[in-house]
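Here the structure comes first, spelled out in structure tokens, and everything after it is commentary.
In order of appearance the chains are A, B and C, and numbering begins at 1 in each one.
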Amino acid sequence: MDKQSLYDTELLKVAGWKPRANNWYEWIIQKFFTWQVFRGLSGVAIFFLVWHFLTSLYIPPRFEFIPNPLYLFTQWISPSPENGISIFSPVYYRHIFVSMARVYAAFALATALGVPLGLLLGWNKVFRNMVFPVVELLRPIPPLAWVPLAVLMLYGIEMPVIFVTMMAGFFATVLNSYLGVVSIDQTYFRAAACLGFNRWKIFTKVIVPGALPFIFTGLQIAMGVAWFSLVGGEIIAGKSGLGFLIFEAYQNIQLVNIFIAMITLGSIGYLSSVLIRHLGNRLMIWQLKDRG
Amino acid sequence: MSLLTNSEKLKLLKLNSFLGNADDGLLMAIVEYAELLEFDKNTFIYSRSDPADNFYILIEGQVGHPEVQAAQEQFSIAQNISVPGQLFGFAATVQGTPKRIISAHCEKFTKVLAIDGVWFQNLCRSYQGHGFELLETLTRAYTEHEHEIAGQSGWISIQNVGKVYNPYGKAVVAVKDCSIEIRPGEFVAIVGPSGCGKSTLLNAIAGFDSITSGVIYLDGKLVNKPGSKAIPGPDRMVVFQNNALFPWATIIENLICGPVAQGKMNKAQATQKAFELLDKVGLSDIGDLYPAAISAGMSRRVEIIRALLNDPRVVLMDEPFRGVDALTRSVTHNALLELYDLTNKTIMFITHDLEEAIYLADRVLVMASRPGYIKKTIKVNLPRPRNLKLLSSPEFLKLKEEIIEAVHEEAVKGFMSGEREHA
Amino acid sequence: MKTLYQTNLFQYLRELIESFFRNILNRAMLEGCLGLLIFFGTWQLARSIGLLIVLPGPIEVIEGAPTVMAQSDYILSWINSAKRVFSGFVIAVILAIGIGVPMGMSRKLKDFSFPILEVIRPIPPLAWLPISILFWPSSEMTMMFLTFLGAFFPILINILAGIDSIDVRYIQAALSLGADKKALFWKILVPGALPSLFTGLTIAIAITWEVVIAAEMASGDNGLGFMTWKSYMSHSMVGILVGMLSIGMAGLISSQIVSIVGRKVMPWLKK
């Protein structure tokens, strides 16, 4: 290394900045081979070790119901699982698909209905005064409390489940979209008036982009809550899906399946939220979240 | 020079449709003051670019406005004045424009009554409601189109404006009895301590706030009056204190959205013009960046360009360089002055920095606080285009002294009463 | 001649009446009432026309409600559900603060524990139900565990966010004023993180109610959720609606309690 770049690297080290990665493998090393990542992985590893310890070597009372993580893993990847569920069994994927379809359908509905409503509530004062009390009246009712009503009123199996899942996300999107509009600095509205925007232009060019960060927060919350309510809905009224799988496994005392379903549920839920967050970051590139 | 008796003059005045309805006392005052003048055929009573002082009422003869005759469209100004009692030459005088915009040419031997415009204005104002109405009516009748012929616009007339806030019981007088006339193309700075009502005035002109008394005119059209809801519009463009560039659009999109939305230009034209102006202030390569990526000084300049691109009648600036450091400020000042020289728009500039006010403006108005009114007007006679050398010239320092004296008293008053700054 | 005291009283009363009318008769209130009226009106209309076969109209609900509420186990349901919510919530708060504050203060600890918590967090509490039933000896403990799971994560996330959001300049100012670790903790960290903590508490209490109701519906034998479920099994629509509205109201009351406590604890926050 010549003197200049040696100086640069030393300087960067002192300042605490990382030098820019020159190629893809340097980038991977920089991003994934840090102390932070190492500690995180150790934390996870310790968790699994403790779990394994408590379920194989020294089993405290009541822990006999919890399967061994190693056993879990081998069952999960085995082509002929004892309990019928593994990555090789098609029924596993059917459950996953059904749950995902429900959640995404409900989520799409909650967004399509909730975001426009929330934006409208923020935009028009009269509308807000009229509709807000109704929303606040219905909002505290937990989504799962709608289950009996939904089952009795809507036909079929899918509709109640999707409805209940949607209700959860709906209020989150409405509230957050409303907050998004309200959070826009008044100066922008004044500037828009000076620029000669008519009402529609103000809506498309000021309100929608300005509320977008809050809208995406609402979408993330809605996604999380949707998975939450899905399980409840499936338990009570479903005949397929991951939530149903958990209960079927419970009733048939297939403990392994319970765990596999739970972990799958958690992972897909997590990935969905990450997806939304990344979508948001792409859409809102003006926010410049991580600058060098 | 033939003479007329006072009663003959009074009769003549009453022939005029506007003055005919006025109070007799008012008319007598005019009669006492008015001068009788005679002009030969083919002479000019006044030419374009003459100083504007009097307006005239025809006694006999015929007067024509060549510029109006040349223009094809119909205007509220008569092309030919031949009926006794008709009034002409009004607009320029009442606005206090230094020069005439159109000329008056005698087609025949003409006799007129000459009345000084500024005196007339003061007279009307002293008559309060009645005289006000008269002034209003005359203004409206005579000034709407004159400037459009001449291609200049942006005359702001603030007449006895007052604003009283009423937050649940306690009445706070923010502005009281404020009168300002800003001529087209003039750069006026208003200085004063924080919270003295400068922003209130600007908001009233811009249409963000209402006023409780007085009227505000822009180019003869009523912009704000008590009781009616004020509407902001693209003819009064505001440059705000804090960043008002939309953060979700690129710089170029921010600049062109105004003209494009109003339909004044299409996207390509607007983009080209925007780039031209960006070049002029030295910001040619930031077009595709987002506002979060550029510095404060740059964003201020971009906002000024955005204001000018919209082609408003008047640009209102509310302490726009407040958060900018001194070095960047001088660059932005020069950018603003360059753009001003280029486009010659009327600018009303509010600031608390006295040097900035003197450096940029043609006229500096010192505003007192609680209640707000114009305490002092100082004319800045420094030559244009301004350069930084002027900052240390003796004239500049003299002006600064004058202003400091006027402002300091108010600043101390504000400090003592613990004013909360309207950041 | 009126004494000063009398004049003041008169003034005060007049202001009180004026503010009362201003608040009741102002436009926003009227529009809100109009909105509610339209909502209930349309509902009742749909029922009267015959569009809603199963769902009873608001008038029927109001008529039937007293019968439902007069049943002996109505008040008891409230108490039982509230007990569960309260105990699960309190445990969650204690543990969340106990884990969250050290995590917030020590970067290393946070690096260790955050990933594994992030993996566990997305699993909905209800999915834990079968395991809890198998693991915990009594159904009460099951429900407390579930409510704990529901409330724990939002509070933890918000505590971390709160500690993160404390402006480093406050810490610098405190240090330059000579604060030691204890003072730094109690005078800077705690007040700085309190607003976010209370946001987390408001979210958590709503989730806690959710989980309690769901658990009661699935495998309980008393409580508001169980009561609603019972109405469902006996096809008493009015009972279902009364149950739903009671649950909603209970949730609202708890959120309000949290808000009020928050305002008392943080008097410096602007309204």
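Heads up, the rule we're going with is that a residue touches a chain if its C-beta (ideal position, glycine included) is under 8 Å from a C-beta of that chain, and two chains touch if they have at least 3 such contacts.
Owing to the predicted nature of the structure, the values given are computational and were not obtained by experimental measurement.
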Among line, ring, star, complete and other, the chain contact graph is line
Higher C-beta contact count, A-B or A-C?
-> A-C
Give, as an integer number of Å, the spacing between the C-alpha centres of chain B and chain A.
-> 57
Which whole number of Å gives the spacing of the CA centres of chain A and chain C?
-> 21
Spell out the part of chain A that touches chain C in their complex, as residue ranges.
-> 35-36, 39-44, 46-47, 62-63, 65-66, 126, 129-134, 137-149, 151-153, 224, 227-228, 230-232, 235-236, 242-243, 246-247, 249-250, 255, 258-259, 261-263, 265-267, 269-270, 273
Touch list for chain C against partner chain A, complex | 27-28, 31-36, 38-39, 54-55, 108, 111-116, 118-131, 133-137, 206, 209-210, 213-214, 217-218, 225, 228-229, 231-232, 235, 237, 240-241, 243-245, 247-249, 251-252, 255
Chain B residues touching chain A in their complex are 206-208, 232-234, 236-238, 240, 242, 244, 246-249, 257-258, 261-262, 290-293, 306, 310, 312
Which positions of chain A touch chain B when the two form their complex?
-> 187-188, 190-191, 193-198, 201, 205-206, 209-210, 212, 284-288
